[in-house]
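Some structures are shown below for you to check.
Both complexes below contain subunit A, partnered by subunit B and then by subunit C.
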Partner chain A sequence: MTETNLHHQIKTCLQQVAQLANCQLTEPVTDDTVLLQSGLDSLGFAMLVAQLDEELGFDPFSEMEIAIYPRTFADFVGIYQQYLARHAGE
Partner chain B sequence: MAPCLLDRIKKHPGAAIALQYCDPADGSVIRISYQQLTTAAQLKRQQISQHDQQNIALPYRQLTDFIVSLLAYDGICAALYLLPDQDTTAPAMPSVAGATAAEPPNIESSWYLATSGTTGTPKWIGHSLAQLTKTVTCKAASSQLCWGLVYQPFRFAGLQVVLQSLLSGASLIDATTGAIEQRLGVLLQGGVTALSATPSLWRQFLFSSKLTVLPLQQLTLGGEIADQSLISRLKQLFPQAQLRHIYASTEAGVGFAVSDGHAGFPRRYLEQGYYDLQLKVDAQQHLWLKGPAPFGPELAGRVDADGFLDTEDLVELTAERVLFLGRASGVINVGGNKVHPEQVEQVILQVPGVAACRVYGKSSSILGQLVVSQLVATPDTDTTDLVARVSQHCQQQLQRHQIPIKFQLMAALPLAGSGKQARTVE
Partner chain C sequence: MNDIKSNNRSNKVYPRSLFTPLQQTELEQLWHWRNQAAIRQNMHNSKEISWSEHQAWFKQLPQSAKVFYIFRQNERPIGALYFDPVGADGLEWGCYLGETDVWPGSGLLLEIAALDYATTRPGIRFLHAEVLSFNQSVLNMHRLFGYQSCEDKPATSDTQNTGHSVKVFQYKTADWRAQRSQVLAKLPKQIAAAADFIHFQD
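Take a look at the complex of A and B:
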């Protein structure tokens, strides 16, 4: 999967989950969007990570020895890119 | 008998700030000293009627008023009922025989907090002040701390912070409401140095860069299982601070704190105990506890011949540690909010076309656990829109954290070895 595809997949997933979780996203969500101000609350965020785990087959946050949490949407995508590369190498 | 709460805080310097919060009307910062609290509590005591000396209900309106009431009534009234928020129906308060006017006003009050019962209906659980303050530390330095209050004080988690702050002579900053960034702003502005939260709330705080600039000296995690990666991250960010995670059985009113930077607790506690607490693990991996005082009659069914209580918490033994796995009953803990799967199943089964369903917890790296479900349709049911109908019904009937994040349509439900419906934590 290319970086652009992953970026697109995560954003689509974010929009679907926001609807399911009854969260009003502060559109447009850009790379600079601060996650805590995106409109997605902790439940919505947990659902997003669970949904991406189903789609991609991994959850970076459960694999971290020391938990690091992203601040912006770009940070979030960056973590998935990093772990995707790791999983592709397995 | 232990002195009452008011007597215990009278030793603090009167001018020291006990509470600080923003006035919701104009946003100005209000500071209340220990002297002001004790004076207000003494005034309130003088107004207590003989009837109130038996049972008193404390509805939560405002923090100062609530704390003044606690100070005034503890040691005077037989039972204090801390009423939960308005959207929860307060369970009927049993009457407790109290002091009469002729008796000196110095009795051991029972504090009642509403907790979720096995059916999802709240029930009252009584505690003594001694039980509630079991994990409170009152070292000389603790009066210098400034605690952030991030949970409503009528809940077990919030009340513990209120008592910790009051008994140690520290200051308390009210950050119970608002969005995460806003609450962190209040904590930062108030100069908070001590914070107690569930692992899920700590994770939320970690999404903000504001957390790292808080000058934290004391970090407490409780109400959920604290995992190693979160503990490691907090230790990395606050290397000089004391970090502890608390295990507490709300029902039993007992608990202990672990501060060695590792998840779970040391296995040696099983042989040596923890202060006056004895611990054991049975063949079903349930953790059992025995405190200095016998458990109340409401827990009789879960106490063995040796006086140990089955906490119904599942644990795993490793060479060095005892690690928590979840609740044996299958109760799901979504970021500190307990969800009873039976209650969710009952709601799903109300939807025409659903023959059977199973609700269980799926582990989440963000909220500890999430609710998921599997369902089986009745024969001849058009299943094309069944999941949508179930989902819609759940949205109407359940709170957000109770709604399954996934509805999986199955041909049949898996059964556990016992033939009972499987409730294992996944």
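Take a look at the complex of A and C:
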């Protein structure tokens, strides 16, 4: 999977979860969007991580030996890119 | 960056949520958090608080019945959780996340922590919550957890909140004791796992 594909997959998943969680996203969500100000609530973020775990087969936040949590959407995608590379190497 | 190796469960790691009483050394950080626009807009009093007002508030805190905790995620302070007595057997609670780079789902951990805290306090029979009517994410969360709706209250005279009401909720601690497992089972599985690592320090 390319970085572009992953970015797209995460954004699509975020939009789907926002609908499911009845959250109104600030439009448009860009790389600079601060996650806590994106309109997705805490339950929505937890659902997003769980859904991506289903789709990608890993939850980077439960694999972190050193906790670095994302502030922006780009940070969030970057964490998944980093862990996708690790899982691809397994 | 925080070392969280010790929090390992079945090869998964979850954040440690430790709630510690507010200290003088944390006062300035708390003041910056509390004055953020995103936090103020959801408060009964949405006006900016001056440093002198904040210091005066902290000075009288030991004489009040309010209990104020700092939410530490893997030792890092990220938010606040506080309780005020309601009558002889209730607690009203409030919270906020002051930092924006937090574990996804941290708001749910605050919700669980508040209910766990109230349920373990001797003599406390219910938790009381008030939410401004436009704060949809918190309203959704309270309903998901099974809070009982009470009669709405008018918002304060604060100009920013004109036209909105205050939604009032209660949760009987006996109900949380009985329903906790079922409520956590409805949440994404990593939330229930992280709930095992919530602790209060008195």
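Things worth noting here:
By our rule, the second predicted complex is superposed on the first by the 90 of 90 C-alpha atoms of A that agree within 3 Å, B and C clash if a C-alpha of one lies under 4 Å from a C-alpha of the other, contacts with A are read in each partner's own complex, and residues count from 1 in each chain.
One rule holds in what follows: contacts are C-beta pairs under 8 Å (C-beta built on N, C-alpha and C of every residue); 3 or more make two chains touch, one makes a residue touch a chain.
These numbers were taken from a predicted model, which means no experiment stands behind them.
In the superposed pair of complexes, A:20 makes contact with subunit B only, with no contact to subunit C. Judged by the touch definition given at the top, the superposed model places A:64 against both subunit B and subunit C. By the touch criterion defined above, A:37 reaches both subunit B and subunit C. When both complexes are overlaid on chain A, the residue A:46 reaches subunit B and subunit C alike. According to the touch criterion, the shared surface of subunit A, contacted by subunit B in one complex and subunit C in the other, consists of residues 21-22, 35-37, 42-43, 45-47, 49-50, 59, 61-62, 64-71. Residues of subunit C that touch subunit A in their complex: 1-5, 12-15, 38, 73-74, 97, 100-108, 111, 136-138, 140-141, 144, 187-191, 193. The touching residues of subunit A, counted against subunit C in their complex, run 21-24, 34-37, 41-43, 45-50, 59, 61-71, 75. By the touch criterion given at the top, residues 179-181, 200, 203-204, 206-209, 227-230, 232-233, 236, 334-335, 362-367, 370, 395, 400-401, 405 of subunit B touch subunit A in their complex. On the subunit A side of its complex with subunit B, the touching residues are 20-22, 35-37, 42-43, 45-47, 49-51, 59, 61-62, 64-71.
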